[in-house]
Each structure stands twice: as C-alpha cells, then as structure tokens.
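Chain IDs A, B and C follow the sequence of writing; residue 1 opens each chain.
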Amino acid sequence: MTEIIQQRAPVEAPPARAATAPAAPDVKPVRRRRRDIGAAFGLVWIALVVLAAITADWLPLRDPSEVTDAFSAPPSGDYLLGTDAIGRDVLSRIVHGARISMAVAIGATSIALVIGVSLGMLAGYFRGAVDSVISLFVNFMLAFPPLIFLIALVTALQPGLVTLVVALALLGVPNFARVARANTIAFADREFVTAAKALGARPLRILTRELLVNVMLPVMSLALVVMATLVVAEGSLSFLGVGIPPPAPSWGGMLAAGRESLSEHPLLVLIPALFFFLTVFAFNRLGDWARGRVGRESSI
Amino acid sequence: MKGWRKAPGPMAAVLAVSLVVAGCGAGDDGGSGSGEPRRGGTLSYAVNVEAASLDPASCGVQSFDRCAPIFGTLLRYDLDKKEFVGQMAESFSTTDGVSWTLKLRSGVKFSDGTPFDADAVVFNWDRVKDPATLSPALRVTQGMTWKATDPRTVTVTLDKPNYQLPWALVRGLSAIGSPTAIQKAGADVGNAPVGAGPFVLKKWTRNSQLELTRNPDYFETGLPYLDGLVVKVIGADDQRLNALRSGEIDVDWSLLTKDARAIEAEGGYDVYRVPLVGGTGLQFNENDAVVKDEGLRKAMLLAFDSAQINNAVYPGDAPVDAFLRPDAAERDDAMGRFPDKNLAEAQRLFDDYLARTGKSGETVTFTCYAGVPALEQVAQLIQSQMQQINGLTFKLNPVDGATLSQASSKREFQTIMGATLSQEMDRLYDVFHSEGALNVMSYANPKVDEALAVTRSSNDRNEVTTAYKTVVGEISKDGPLRTWRYQTGHLYVKKKVKGIVVAGTNSGASAYFQYAWLG
Amino acid sequence: MNAARALSRHAGSVARFLLLLFLVTVAVFLLLELIPGSPVDAILPPDATPEQVAAARAQYGLDQPLWERYFSWMGGVLQGDLGRSYQTGLSVASTIAERAPVSLELAFLAILLALAVSIPVGVWSAYRPGGILDRVSTFVISATLATPAFVLGILLVYVFAVQLGLLPVLGWTPFAEDPVRHFERLVLPVVTLAAGECVLFTRILKGDMMATLQQDHVLSARARGLPTWRILLRHALRQSSFSLVTVSGVVIGRLIGGTVLVEAIFSLPGMGTMVITAINSRDYVVVQAMVLLTAVVYLVINAVVDLTYPLLDPRVRKVRTS
C-alpha cells in the first residue's frame, strides 16, 4: 500500500503550492513531439483487459474454479499458462481475475470521483463554512493511516467485492475533493462564471453547467492515476489475505498463493505479477498523457 | 530416525507413577546420547509463534517450548517407555483414581531462592482456578480440589475417578512459578517468569527471541549441559528450515511431511517424529437445522477425497481413512473407518435427503480461513468435491482466524474448518464427549460417551486401549470431524546436537533441553 | 496587530488539529467495534468458562458502554498512558517502543537510499533533458511506478535470494546478534521501499531543477563559464532542494505507518506487522494507539510543512509579500 500514498503525495504537495501561489511561474510542460507510444499501448491494453473482464464468460476458456488433477502444471497446449497448485487453469483465472481488478479500479474510482468532485466543488464554490467542514473531512480521511483503515474496514465488513469497492472508494475521495476544489476556486472568478452569476443563474446551475466541464478535465486525468493505485491496492489487500475471498479468482490472491511455492513454481507468481505490471503501467501512461493534454491552466 | 516412534507400545494410563530418581545425569536418556556429554555452548531453537505470556498459569498450555525450560514440568511423559515420569515433582500417584498424592523433591528452590514446596504448588494451582487469571487450564481444575498436607506433599481429590489426570501435570498444571515473584510482578507476571527449571530468563525480545541461561541451582546436578538456550520466533515453515540450513538455528520443528523428507534427504540432521492425535478437517454442526440430517452428512463424507487434497497441497502425505493413523494402537479398522469416497452412493443419499425433505436443492455453508493460502486451497478443493453432488451448493465463507474461532466456539456455523491436535488421546474426551468442553459439533454418540468414560475411570491399560478403539471407530464412522492428514510433529536436529530428549506438545514436537549438549 | 492575527490563526490551527485527532480516534473506536469477534475470544481458550469470559470482560473494561471506554482510554492517553495490550499484558507504549526501531531503521535507510539515487539522477536529467540518463530514468521510473511493492518484493526475493542465493530470503536478525546478517536481511526490504520514494524524489527534483536552470542567475553563471558541476550543485541544486526537503518530511511521516506491506512481505518484526497481528487478534488497544500515533505524526508534519513552506520556497514568499 505504500503505493496508495506514493501516488497520493505528488497530488498532495503541488495543490498546496498551487493554492497559495496560483500565479507562480510554473514548470512549462514539455510537449512531446513524437507520438505517445506509451499512451497508445496503455489504451490498447486497458481496452483488452476491460474487454476480457466483460466477455470472460463467453470466451473459450475453462471454468476458472474447475479443479483438475494436473497440479502446478507448466504451460502446455491444454493449459496455455499452466495450472495452479490445485489444478485450475491459470489463463482462465487471469482473465476472470481481470474482472475483480477492473471492477475495483473502475467501480471504486467512479464512486470516489462522484463523491470527491461533489464535495470539492461545493467547498471551492461556496468557501467559508462549507469549505471548512469539507476540508476537515478530507483532512480526517488523510490523517487516517490508509492500510490500517483498509484492513480494519474490510475485516469489519467481511471481505468481498462490495466491501472492497466501498473501502477503496472512501480512500480515493480526498484526492478528487482536493483537485476539484482547487480547480473550482481557479475557475470561479473567470468571466464566464461572473457573467452567469450576473444573469441570475443559481449556484447549482453554475456548478453543473459552467464549472463542471472545466473541473472534469483535470479530474479525469487524476482518475486514471487513481485507477492504477486502486489496482495495486486491491492486489496488496489480497496479498495480505483481506482481499477478494476464494474461490473468486483475483490477481493479488493468485500472487499470494503462488508465493508459497515460489522456488518450485515461479510462474505462478511471475504470471500474475506481469499482468499487474502491464495494467498499472498502462493506466500510468494514459494518466501521464492525459495530464499533458490538460495543460497548464488546471492544477492537478 | 530414532527408535521409539515406530513400535506401537501399550497405552500409558498410569496407575502409580514411581519415579526416576533425581541426581542422575540423564544424558543417556535420549536416543542420540553418544559419547560423553560436554558442558558449554548455546543452542538455538526456533518456533513459529511468539508466546503471548510467560505466566506459569497459561504458558504450560500455550507455549510449552518456552515454559518448560524456565519452569520445568511437574511430570514428563516418556515417549520411549510410554509412561509418566517425575520431573520437577518426584511422583504423582493414586490407588483409586480419585485421591492423588503429589510428592515433591526435597531441597528444590526457585531461581529467586524461595522454596519449591507444596504451598507453592497450591498457590499456582489456586491462581489457575481463579477465573480472573484467565488461565487456559481452568477447565482441568473443575471437579478437582487440593491441599498441602506437608511441605513436600499435595493431596488432590477428584469428584470422579480420572486416571488420565497426570496429563494435566505434563501440560496445563505443570508449570509452577515462584509465588513471591508472581506476587511481586503483579500485572507483569507474564513478562517476569521465575521458576525452578533448568534455565533462567536472560532477555526476551518479543517476536524475535527468548534468551535463556543455565540455572546454576537446577536440582538435577550437573545439568543443564548448555550454557544458554535461545528460542527464536520464525513464522514461516520454509524460513525456519532455511535458518536451520544456514546454521542460524540448531533445532527446528514443523508439521509438514515434505519438510521432514527434504531434511532427511539433505542429511546432517536427526529427524524425530511424534505422532499426534487429530488434525484439521471438515467439521459438522449437528445442531444446525440442515446439517443435523445424518443422510446429508453421510453424503458429504462420501464425496470427501483426502488423497486429492494431499496430492495438491500436502505432497507426500498419505490419504486419511480413519481418525487415527494406521499403525496406532488405538485404531481397529473393524470398529469403523471414514467412509470411502463413493460419488454414486453420495448422490443416492443426497437425492434421498431431497426426497425426504421435499427440497429441490440444498446449500451448505463452509466457514473457512481467509488469508492462509494453503488452507484456502484446501477449502476450494473440498468445495469442488462437495459440488460433485448434483443439487448441493457448497458455499465458502472465508473469514479471518479470530472470526473463525468465534464462530466455532459460539457454534455459529453449518460446517467449519475445525481442528483438534494433541499428543494425548485424552483430548478426545473434551472434543467428542457429548458434554466435552470442546465439542462444538454437538456430537453425541452414547457409545462414544460410554467408552470415553472408561478411558478415564479404568486403570487397566488393555481396557483403556479397547475403549479408545471404540471411540476412534465410532468417530471415524460418524465423521463429525473429517480430517485429511495424519499430523506428525517433526523435530529436526543438527548432528552436532546430542542428548535430545523429545517431548510431544499439542502443536508438534519439542525437547527437554536440559539433557541436550553440543558435540 | 499582525502578531495577534497570527496568534488567532495558529489558535485556529491548533483547534482544528485537536478536532481532527478527536475524530480519528472516535472513528477508529467505532470501526474496531464493528469487527466481529471480541478481544475476549482471542485471549481466552476455546473451552473458557462463562466465569472467565465475565472476568475478562470486566478486566479489560469491555463490559462498559463504548463511549465510557473511549473516554477512559482518552483519559489515559492524555496522561501519557496508551493502555495495556489485551494479548500480552504489556504496556502498549513499551510494545511500540520495542517494534519502532525496526520500522524506523527501514524507513530511514529507504529514504537515504532514495535520496542517494534520485539526487544525481534528477539533477542530471534536468540538465540534459532528453539525454540518455533522462530517457533511461524516465523509463525506469514508469516501470517502477507500475510495479506494486508486493510484486517488486517478491521478484527481488526470487532473483536475489532464491535464484542467485546472494541474500537471505526473509526474516530479521537483530543488529546486536550479527551486524552483517542484519544488513544483509535489510537490503531487499529497503530497496523495495526505496523504489517508490525514488520515483517521487526524482520527479520532483527534476521538475524543480528544470525551472531553476532557466533562472537568470543560473544562466549568467553559465555564461560566465563556470564548470557544469559547480553550476548544478552550488547554484541550481541548492535552490531546487526546497520541495525535496519538504517532500522528504512528508515521506518520513508517511513511512511511519507505511512500512506495513514491506514488513509483511519480508516478515520483519516492526510496527506494521504488529498492527496486522493486533487486528487479527482483536488487540484493539494496540490498533488504537498506532492509529493515534500515525495520525499525530501525519498532522504534525503537515502543520510543520504548511508553516515552513512559505519560509523555504522563495516563489511562495514572493507571492505572499507582493
């Protein structure tokens, strides 16, 4: 889970600066002239994983929980990626495991985004008491040690997909709230907002019609980073034994189980590790690309 | 491989324990005592979990490995002779199984200089009996009263005969601490152990190691041979083995057959085996509205396949076909075995169950461990075996260890990954007697109750063995706890370590380290 | 006038600080209350008698209502008493004190290593953007970012311990027992932990450096023909290290509670594994104390960063005064 915070920190530190010094000369993003191969790869890979997650049931794969007597078999024509310790098809478990990863990444991020952006925009638009209360909540979430929070919450609610999504979503809220708040503040004084106000538009209308669009750009690029973080978080929890419970296949669970026989059957660790790597890499490349597109105006 | 564990000896229900005398250098007691014992050196040994406390009222049950070197044990179970022998106490004897006499040695002192006498024993046992001490040995003291009749004698009276009582003086009631030190320590009693055993505490770094040094006033003259003993905590089995290989530790234990084979193949070690009673298994709650149906349970037992589990998760372990291992003296296949796998019969029984109850299908929940990969795999294998019965949905409910033990003790489960493990057969009384304190299955079989009563009330070895055969046969046939492995405690000892006297524990094997020496 | 305003602002910060601590501790109490299984079940044997259960509940105050337990715990904390562990009967403070050195050593070495790697890399990639080192480091950074700590940890174990046999696999050896082995065992955990921080430090330093290198005095120093290393170190690095310093502060604070996963991967007896064990054995007093401790560290470091940031960063200072 160091990752959760690792990626939270760069998000954390700059807004403090951006908020106090909006006019400070910032680093000019270096525009990439050549095509972004990394981002293209990211897009293709994520699309593949999502597609696999959606279509897992119709793909010509074995049942991911079908136990056979081929224990820890190496890759072969029958089992393209081999079998795990109790004879289940690794390929099929990877593909079905993509569901958990994607459900957690997309589900939790969406929930966190909706809640975080709403809170952040309210705080940034109304300022004053509303801002204080929401900032207090955000700081409260940040002060809680994330991994202890996750383990305790998941243990309390009993491990499961819903629990995991809820817990990780809660953890993601502060990030979105901060970015949404900072950008709302930045845009709230712009002409089009002032004009709308002068025309007698209500706050809700201004927030949804005028500000949301502008806030969403940086938020979306943050969302990609958060998704990467949450894929890692889900894996970390499974690795610690409080993730998605068996028999549901999950990459983190496969890794934790494979670790038991690391020296005899390293593939059982290396295969899920590779999928983790590629997926997180893809999200990060996409996130970087999106950040570059969003440009200087917004602070992420 | 040392001799004693293979030959099935007569069961040790002991009538009058008459004793090994103090003062003899007991170095030749163990299997590998070749040559003249040498004094000096420090031996290090690793266990898998840290002791919560070194309070004598609790550590005799929970952490024998660390308790025995500091406090000694009142009695010791000699695995070679299959009988109880005195250790800190001289003898523990009875004529009727109701009145027992504990005879102490003269002149034994705790390491703080206070006398190890009858009052000290009474003081310690009174603490165990006080619910506020939260001692895990309290159950043993129910129906038991005691008093000090003279400085070297404690008389014990039971409300009904129990010839298995000496086990309590090997385990839960075995550790006697200095009353003066206990009173002085107050709430810190768990961290300031003062006993009369062969070693004294030097330094305890929790979750890392317990350092002990020789008790210069230990009553067995000339013992211990070692200057020091270090008990390390290394959680994972493979890590402990690596530590043994790298020379970081001299003695290691595990329950895994594959470890024992690997170590034997590598050479350079003595491997000792202590057969244990029980294991982890599929446990049924016979109080549950669904699982109470005998036909349904039988169907599930017929679908159970321990060979598959062991092939996948515990390679090298033989399939289990009865509650005790085939060579156990208390096993008689004529009295009953676990049902052999038979899917057709399982399906027939299950269909019959559906017809009887008018249901179209059934769902049974299996509460199992989350976060322990090997046990998760076993749970999934059991699930796939059970679901080979058409119409049966076998749902996993993986929870963490604490939640699982709560579900177990509150009996809030249909089926659960339950376990019993002990060195002594007597544990079966608590687990399988209809009134046993550990009978979370609500298993009730009059034949078992009757036979278990005999195991405690009889002083005839053959009669007790026969009674146990009945118990083992019945619990195998009924299968309230269907195990998949025969558990064995293995002790791996570097060749340079001599004079190992093996002790069975309820989690494996250990040793009486006062007799050990480095060659 | 100004002083009074500053004072009232600080009073507000202190009040917010205390309110946050209150909320965090209340929340952890409620959260732990939700976890099934009581501490008593974890302490007592499975065959405990009802009298023992009652005695245990009374001893640990578990027979009192939740709020009463909270306030008696809080009362203790205010007097410097974090309570006694249900499991071991030891004072929580001494338990933490025993485990803390492991985590702190790990965190400290990881930060040192991260700085030792990221300063030269960050400086050079800022100096020669698009150069070999920059391209390689950018690639390594994105690869490292994409490798979760638990994956990296296992891979390192597989390569260096299992395959090459260069380092011991897992576990801990106290320094006093065998210093060489002690550090051998720390290598892989420290590398695992440092990898993520390295990425963060390099990114930040590179960004700041590139900005600094555009500034007038650096350009003029360059025009004067000073040697490159001197420009980079004397002029640019010193200016650019402000964010690095503050971020290192934040990172230290974060690592206090952030070594959990690495400790779990490598079976190190630090505070992280202590908390996991405590949650698993329902040793709530220990969990509460750790949450309180991490929250305090987090809040204090953030407050310090907030207060000192304007002093350190010339850009912010400029904006404030203008």
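Heads up, the rule we're going with is that contacts are C-beta pairs under 8 Å (C-beta built on N, C-alpha and C of every residue); 3 or more make two chains touch, one makes a residue touch a chain.
Given the structure is predicted, the values throughout are model-derived calculations rather than measurements.
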item: Core chain by centroid distance, with centroids computed from Cα atoms only; value: C
item: Between A-B and B-C, the pair joined by more C-beta contacts; value: B-C
item: Per Cα centroids, the chain farthest from chain A; value: B
item: Rounded Å distance, chain A centre to chain C centre (Cα mean); value: 21
item: Approximate Å spacing (C-alpha centroids) for the pair chain B, chain C; value: 41
item: Centre distance in Å when chain A and chain B are each reduced to the mean of their C-alpha atoms; value: 47
item: Chain B: positions in contact with at least two other chains; value: 399-400, 403
item: Residues within chain A bordering two or more other chains; value: 155, 158, 240, 259
item: In chain C, residues with contacts to at least two other chains; value: 36
item: Residue ranges of chain C touching chain B (in the complex, touch as defined); value: 36-38, 41-49, 51-52, 54-56, 59, 84, 87-90, 95, 98-99, 168-174, 181, 267, 269, 273-274, 280-282
item: Contact set on chain B toward chain A in their complex; value: 308, 311-313, 370-374, 376-377, 379-381, 383-384, 396, 398-400, 403
item: Touching residues on chain B, where the partner in the complex is chain C; value: 52-53, 55, 61, 131-132, 134, 136, 138-139, 142, 187-191, 205-209, 234-236, 238-239, 242-243, 246, 248, 399-403, 405-406, 408-409, 430, 437-438, 440
item: Contacting residues of chain C [partner chain A, same complex]; value: 16, 19-21, 23-24, 27-28, 31-32, 34-36, 129, 142-143, 145-151, 154-155, 157-158, 162, 193, 196-197, 199-200, 203-204, 207-208, 210-211, 243, 246-247, 250-251, 254-255, 257-262, 264-265, 272, 275-276, 279, 287, 290-291, 294-295, 298-299, 305-306, 309-310, 313, 315-316, 318-320
item: Interfacial residue positions of chain A with respect to chain B in the complex; value: 65-67, 69, 71, 85-87, 155, 158-159, 240-242, 245-247, 253, 256-257, 259-260
